[in-house]
Amino acid sequence: DFLYALQEIVPAFGASTDDLERCRLNGMVDCGERHKHIYQRAMLLVEQVKVSKGSPLVTCLLEGPSGSGKTAMAATIGIDSDFPYVKIISAETMIGLSESSKCAQIVKVFEDAYKSQLSIIILDDIERLLEYVAIGPRFSNLISQTLLVLLKRLPPKGKNMLVIGTTSEVGFLESLGICDAFSVTYHVPTLDQADAKKVLQGLNVFAEDDIDLAAEALHDMPLKKLYMLVEMAAQGSTGGSAEAIYSGKEKISLNHFYDILGDIVSIRH
Amino acid sequence: DFLYALQEIVPAFGASTDDLERCRLNGMVDCGERHKHIYQRAMLLVEQVKVSKGSPLVTCLLEGPSGSGKTAMAATIGIDSDFPYVKIISAETMIGLSESSKCAQIVKVFEDAYKSQLSIIILDDIERLLEYVAIGPRFSNLISQTLLVLLKRLPPKGKNMLVIGTTSEVGFLESLGICDAFSVTYHVPTLDQADAKKVLQGLNVFAEDDIDLAAEALHDMPLKKLYMLVEMAAQGSTGGSAEAIYSGKEKISLNHFYDILGDIVSIRH
Amino acid sequence: DFLYALQEIVPAFGASTDDLERCRLNGMVDCGERHKHIYQRAMLLVEQVKVSKGSPLVTCLLEGPSGSGKTAMAATIGIDSDFPYVKIISAETMIGLSESSKCAQIVKVFEDAYKSQLSIIILDDIERLLEYVAIGPRFSNLISQTLLVLLKRLPPKGKNMLVIGTTSEVGFLESLGICDAFSVTYHVPTLDQADAKKVLQGLNVFAEDDIDLAAEALHDMPLKKLYMLVEMAAQGSTGGSAEAIYSGKEKISLNHFYDILGDIVSIRH
Amino acid sequence: DFLYALQEIVPAFGASTDDLERCRLNGMVDCGERHKHIYQRAMLLVEQVKVSKGSPLVTCLLEGPSGSGKTAMAATIGIDSDFPYVKIISAETMIGLSESSKCAQIVKVFEDAYKSQLSIIILDDIERLLEYVAIGPRFSNLISQTLLVLLKRLPPKGKNMLVIGTTSEVGFLESLGICDAFSVTYHVPTLDQADAKKVLQGLNVFAEDDIDLAAEALHDMPLKKLYMLVEMAAQGSTGGSAEAIYSGKEKISLNHFYDILGDIVSIRH
Amino acid sequence: DFLYALQEIVPAFGASTDDLERCRLNGMVDCGERHKHIYQRAMLLVEQVKVSKGSPLVTCLLEGPSGSGKTAMAATIGIDSDFPYVKIISAETMIGLSESSKCAQIVKVFEDAYKSQLSIIILDDIERLLEYVAIGPRFSNLISQTLLVLLKRLPPKGKNMLVIGTTSEVGFLESLGICDAFSVTYHVPTLDQADAKKVLQGLNVFAEDDIDLAAEALHDMPLKKLYMLVEMAAQGSTGGSAEAIYSGKEKISLNHFYDILGDIVSIRH
Amino acid sequence: DFLYALQEIVPAFGASTDDLERCRLNGMVDCGERHKHIYQRAMLLVEQVKVSKGSPLVTCLLEGPSGSGKTAMAATIGIDSDFPYVKIISAETMIGLSESSKCAQIVKVFEDAYKSQLSIIILDDIERLLEYVAIGPRFSNLISQTLLVLLKRLPPKGKNMLVIGTTSEVGFLESLGICDAFSVTYHVPTLDQADAKKVLQGLNVFAEDDIDLAAEALHDMPLKKLYMLVEMAAQGSTGGSAEAIYSGKEKISLNHFYDILGDIVSIRH
């Protein structure tokens, strides 16, 4: 079961799991049907890769708005797979490198993985790996081409591999032809009101009666933003109340919560 | 005969055949008239090159949607030709190289081939060799120019050569003038319902009664995607059923098949 | 209280405070509700960073017209935080450097900050760090990508960080996706008539009766421009009156003030 | 007379004639009035260069669709001129070179020619020398500028030179100003029905009664394509008939000819 | 008084004044109210910089059509300031340098000036420093960014600086954001009829009765062009009369003057 | 008188005159009023430079269609000036050089000229110096900036200089701001019917009665093209008649002349 899996996070192997763990800073909670469905399907792919003879390479893209939980989901799949080789490729470890150094690092991870019977590679935030900005648009074609080829190149005989990509710029990847290069794509959504309520209940920082109002005020907010919002509101309007709230002694004032929500949301419009 | 040829795959010479074999991971099956027709015409070109005095260079382009079977077809022609020199030029072996190194490698293969009385060169996925992306569009003009010249340059006296190109971006090649540089172009299509049925029957993973429904649900799917789809469906909705299905003990549930098909197709629209 | 905080500026640590002090050449005065509100909210973020366990990285953007007081505000927050590591990253210290050297310097500041339990980094005038000009537009994508990653990358376990950005080109940052990368954004406005009056009163260079007229003539002028205007007007129409005015012996002639205001404003239209 | 000239191809001097000969792989046959007219006019220019005092440099451009016979025509003029220096500059011998190396090679040929009293330089496929592709368009401005200057620069006193250019992208050359740099331009056309009939008669591979029908089916086909088409058709629908047909024992089946023609032509539309 | 100031040009210090003097080849004459007004305001800024404590950096832009007298005006202000450090930064001394060398030279001048208690830097013809051309437009962003930063960076404590920029492409500077970076901008106009008459009277090369007609024929001509026009006309229609005219023995023929004026003006339309 | 001047071409100094002479391969003949007028005005500028004190630098642009006689005119002015330093800067001597080498060469010529009391520099075919092509358009901004500065930079005290530019792309120079940088611009036209008749009479290759018809057939042809046309026609339709015609024994057949004219002109439309 999904939630069960979310809890029993066992390290697959040494250091690398640490990296994966760091991807789900706020843990994994039940946040609605869609997230659960995607997790289950992805675990089916994990199994397919384990037993397949005809498809040594399976690729899967998780796309959705910023903060919707894609990276945490991919990391969880990696951890739960129990595969001997699970690695995340992220722009964070390649800051300031030239395009060709980044390419070399990416290729290196694939070459390493080819040596393992079963492997998972997470291409995290593909638009960032590609150095994408909407103005222009600009991006690294060298890295694009590298990914396009790696997503189709078969591992050596007898080795099977799952590649999981994440992105919040699916339209851009579509126009590069990178979406088509994935076997299957799942959309990871923001939270609807019911999902948000579940998450807020788990956090236990609102008075019982306020939870519905709070959840209603959040229209389609992504998970990660919700965690930040709650923590900001927990400081209270004059500061200092965070500890009392997290220890359960106090609750977040709904009015202050609305204020902070306004700061975060209104600017954009 | 086409199917006969498909079966009796004999290595033309040592190592290289291995590369070609790897291009048809799912073997070669009868998948309709159009594929058969193209194969036959291409084999006529092989013969023309063998006997020609006036045209030492014949060039042929296979274009069609991603996964329609172009590379497997080209590899099969190469293998079946029994020519002493058959080589595939693919972006997979040139990841991360500079444009000019790629150029040099491509030219090298042609120079090597010129030493053989009869040779076949497969330019696989030409848009990838050209580092093409639709945004811009961007591509390597250095490599474009190299191909444009190589596709017209005659081998030395007494040497004959067949060049087979493949692409799923025929519109792009058209606007580069690369299509015009080929003597002849064939369109490799996706599968219509009848073709798909033939392939599914060969795979023998559906109950007799379900085959027509399954084939009907696949509108114009390319061969390669069909193989991936079947394997995904074969895991069953809770996993673990692949072995039973491939050994013939169980059949794929049509409902689960529709589900998986939905995952793969719906996102795009 | 805001104004109190503005006055009791105590150095957090050695040399660096000097840099921050230099950012508020004209001191910090009360210039209206909005400025006060932003200051208070930012100080709540400072506190959140001090106590947070779930959000080791909080980021906040101050955007508003040129001269509205963003840099002085950010510097004041840095000074008032009493954090052991407070650093301003500004284009002024990186003139003429290559994009990659600038990148390296920026990354260096972050790496240094990661060693401190609590740190504040001010990214001053982000559009200038990005070498932005509207024509094109042109900008450094290398630096953009670096900021996009740094604004999301978590400090090591146990270290907490606040990043404050300033910009007068919020539309540009929006289209780069840099705005979305900040947890929260505040708009720092120009002065309305009441705010301007407050500032003029504090300066004490106009006759009592002239202050309202002077304040009325300034439509939505930014703070910094107002200081420059007053100093230009204080020279008098034939020069030499500055000392008398600042020592309180004379007042600025309203007519001359209008003249100078005309020079500064009219050209633009 | 034109045809006579076509036959009595005598080498002007050693190795280089070989290169020129290789440009007319299918020999030179009578293929209509326009081709003949251009040849005669070009031979008048050859004579003018031989006797001129006032125009040490004459330049002539042959433009027309791909395969219409431009290169073979230029080579024939070079061979028939009996000039001591005749050289073809072609992209084929400069694959993969940098723009500036290509430039240097081109300039070198001109410098060599300047040493000869009478010289002909053929700039073959100028768009290819310029690395032109329609997308963008892209091309080498370094080489463009070099040609623009070389086409106007006078040889040293006492030396006379004829430059013949060929291109199938006259519109592009026009917009570069390269057309204007030539003294005169001739359009080399595709074959009309009467011209095609003449060529087919010469080849003697159709039954008497079929020739008109075959010629009629070819609408404005360029010469070179016609030769390829005939050779493809000569293999027969099941292969193996080429020898019988070229030795005159059999004739090409009109139906098979139509089929092959369809393969070659239909794709484009 | 303005004109008085114009006459008593005393060197501020050694060699550099020579450079400044060379900027007013035709001396400084009274050419109307606007020029006089700008000069006076600029001299007030000089005084402000001398006494200011709150604004160590004052910046002023002179913009206007080509030849209207901007450079001569800026040079005159520099000379009349009697500041110990006065330097003109001009593209003339940086021909052919790379962008980064130019940058370095510009920065060097500022660094030198920072050592002086009082300094003036003239950024002459800013669009030329920026390597601007309208086609594209193209310009050096490296130098743009350098100027944008230098125009805001404060000199060290206790040092005051005035920066005077000149440009005839104010629209371009506006769109770069460089105009906004200046504290104040003045428009230096062409000559109206009355101004032109004053200048012609000073030159004393027309008959008394012709001066009005001549001045009328010059619609909004810039100063520098007027000097060139008069000198061309002074040669007379057959040459040789210049000496007689400048020595006052002859006057310029009005008809010949009209002719020459036509040559200079008509072409543009 | 103009024609007289045209004849008495005396070398100003050694080798360089040779270069200038080579610019008027077909000599200088009377070809109408406009050419004469421009020559006279330009000679007035030569005189102005000789005697001027106030304008050490005079600049003049000759613009007009390709082949209209601009270079020959500029060379003639240079030769007739008798100035100690006369130099032509042309793309012909800088083929294949990098932009910065070209820049250096151009600057070198100016630096050399600054050493001479009186000098003339001819910037021939400025669009070619700038590596201009209409597509894009593309051009060297480095060289553009260099010319823009050199056309305004004053020679050292006591040295006077005349710069003559030529171009057939005046619209392009206009948009670069290079036209405005010249003191005066003259348009060098093609030949009208009367002018063409004069030139043909001088050549004496037509029968008396044919001259008018021939001149009429040439609509606005540039001089240089006319010379080429006549020489082509002089070969006769079967070749070999050139000698007879130039020696006056035969005349050009009007019909053949029309034919050749058709070849040259019709293609363009």
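Per-chain residue numbering starts at 1, and chain names A, B, C, D, E and F are given in the order in which the chains are listed.
Simple rule for what comes next: a residue touches a chain if its C-beta (ideal position, glycine included) is under 8 Å from a C-beta of that chain, and two chains touch if they have at least 3 such contacts.
Quick caveat: nothing in here was measured; it's all calculated off a predicted structure.
Listing every chain that touches subunit D and subunit E alike gives F. Note on connectivity: the fewest steps through touching chains from subunit C to subunit F is 2.
A straight line joining the Cα centres of subunit A and subunit D is 60 Å long.
Chain centres here are Cα averages; for subunit E and subunit F they lie 35 Å apart. Subunit B and subunit E have CA centres that are 69 Å apart. If you draw each protein chain as a dot and join the dots that touch, you get one closed loop, with every dot joined to exactly two others. Around the closed ring of chain contacts, the path that opens at subunit B and continues to subunit D reads B, D, F, E, C, A. The residues of subunit A lying in touch with subunit B in their complex are 41, 43-45, 47-48, 51-52, 54-56, 58, 100, 103-104, 107, 137, 139, 141-142, 144-146, 148-150, 152-154, 175-177, 179-180, 183-187. Subunit F makes touch with subunit D in their complex at residues 22, 25-26, 66, 91-92, 95-96, 128, 131, 133-135, 138, 227-228, 231-232, 235, 239-240, 242-243, 263-264, 267-268.
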